[in-house]
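Order of writing sets the labels: A, B, C and D. Residues in every chain begin at 1.
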Amino acid sequence: MTRPPDDLLERWNACGYYRTTNMRVLEAGADGSRFALTVTPELLQAYGTAHGGVLAGLIDAAMGLAILARQPPEEGCATIEMKLNFTAPAPPGELSARGWVVTEGRRLFVAAAEARDARDRVVAVGQGTFQRFQAAGA
Amino acid sequence: MTRPPDDLLERWNACGYYRTTNMRVLEAGADGSRFALTVTPELLQAYGTAHGGVLAGLIDAAMGLAILARQPPEEGCATIEMKLNFTAPAPPGELSARGWVVTEGRRLFVAAAEARDARDRVVAVGQGTFQRFQAAGA
Amino acid sequence: MTRPPDDLLERWNACGYYRTTNMRVLEAGADGSRFALTVTPELLQAYGTAHGGVLAGLIDAAMGLAILARQPPEEGCATIEMKLNFTAPAPPGELSARGWVVTEGRRLFVAAAEARDARDRVVAVGQGTFQRFQAAGA
Amino acid sequence: MTRPPDDLLERWNACGYYRTTNMRVLEAGADGSRFALTVTPELLQAYGTAHGGVLAGLIDAAMGLAILARQPPEEGCATIEMKLNFTAPAPPGELSARGWVVTEGRRLFVAAAEARDARDRVVAVGQGTFQRFQAAGA
């Protein structure tokens, strides 16, 4: 049984990092995840566009929730590694992202994600490896 | 002429993202960069450890400042892509990081970085590619 | 004007590396590239499956030809970096691969590729960054 | 007990892929691995330098043997993923490489490697993730 999507979304949207970076998971299901993030001045580097960490966090999260949506409620997943291209600067404003599962193994998942700016230009694309684990009290 | 290190450090430590993630560049010179970051509840994911985006931002910054310290004041650098491994969970507390330049070309730099927790355990290691640019008004 | 696809395919299929690894580009056009590769004993590592270098070469080539098919004949592209997941062992037999362009910039391309075994199982997926150049006498 | 290094080196130097790409592991021990590879016309792409697959295979192997040298004889390791930068073209001639372990966990290793040409210029650098396994009859 996969986990009730509403609980999953609420739990993650409530965590510190999501709130700090104005990031929300909008949807997570069999087809992958959808995210939104608002780039505010608090998230900029010295050149006036979103710091790489903001986009990396968005790509990581979009991959992670696409995986979690497929796992039973008692399981979690941890990012082992990820790789991402920054394809355009992301100025203040709205970003959207989607993540999807590429392969699912017994222990490992490979997922991918992309983020776009308000004009639908791709600002980041990534691919990562995730490890399944049993989440205590998940 | 490389840029005056104090200006460089002040400029970056003042930017929104560094402040939001409690990240400080302590040193940036010919030998690379040194960073500190305090993991607070605002930076945690739902499992209670630092979100991948926080570590990714730290690795990205440590690589970027190691490069900037070698560039003349009128130049900047942009992260084209990076890859990072998360080698251990990073619970609330202090992290340190260092970044260094691997190769320097006419247009591109390759850099690497690692982050450690308060007990000196490696929590993330990365490698990235950066593009040189002329920074208007830098 | 993009280059005549037949010349492109012939040129690459004739090069040493393609022949050494039994790799053929079957198609390269606006929609991407398609490749085939036969894993023979000469391409195995000590555990009896294709060495990572074979799959990496296939992924690199599938991305590269997807890009070249979009470039005018006087241009070439060079792989700056790539990242790949090995998702299943590739035993002796036939592999297929496809590559596609993710983003195209003035100087850089980002591309992706995947390789599958004879039973259509994904054995490798990758993402890479390529630099445009003017090919002397291309 | 770690495995007898001579057996390890002989076993890998005898495998098909190593012979096909003129690759030899010279040393593998607690401090990492050392490799040599001769770039011949059979390993070139259409521009006259070593194909990315050749360098990827060398980086993968240098990381893998650095890990195997630390494992007991009944264990093996498999590359889960890797990332590599191509920092300079590698024309026909001799290459050298070294690999080292970055972190060792219960299930996973992170390793890194670099390859240099005959003039000691870095041509490729990489970072990868490897999974421990029990090797039947190893």
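Following the convention adopted for this analysis, a contact is a pair of C-beta atoms (placed from the backbone, for glycine too) under 8 Å apart; a residue touches a chain by one contact, two chains touch by 3 or more.
Computed from a prediction, not measured in an experiment: that's the story for all the values here.
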Go through B-C and B-D and name the pair with more C-beta contacts between its chains.
-> B-D
Which chain's C-alpha centroid is most distant from that of subunit D?
-> A
Between subunit B and subunit C, what's the gap in Å when you average each chain's C-alpha atoms?
-> 33
Please report how many Å separate the Cα centroid of subunit B from that of subunit D, as a whole number.
-> 28
Do you know which subunit A residues sit against two or more other chains?
-> 80-81, 83, 85, 110, 129
Complex contacts: residues of subunit A adjacent to subunit B = 11-12, 14-21, 40-47, 50-54, 56-58, 60-61, 64, 76, 78-86, 89, 135
Of subunit A, residues touching subunit C in the complex = 83, 85, 87-88, 102-103, 105, 110, 112, 114, 122, 125-127, 129
Seen from subunit A, its contact residues with subunit D in the complex are 80-81, 83, 108, 110, 129
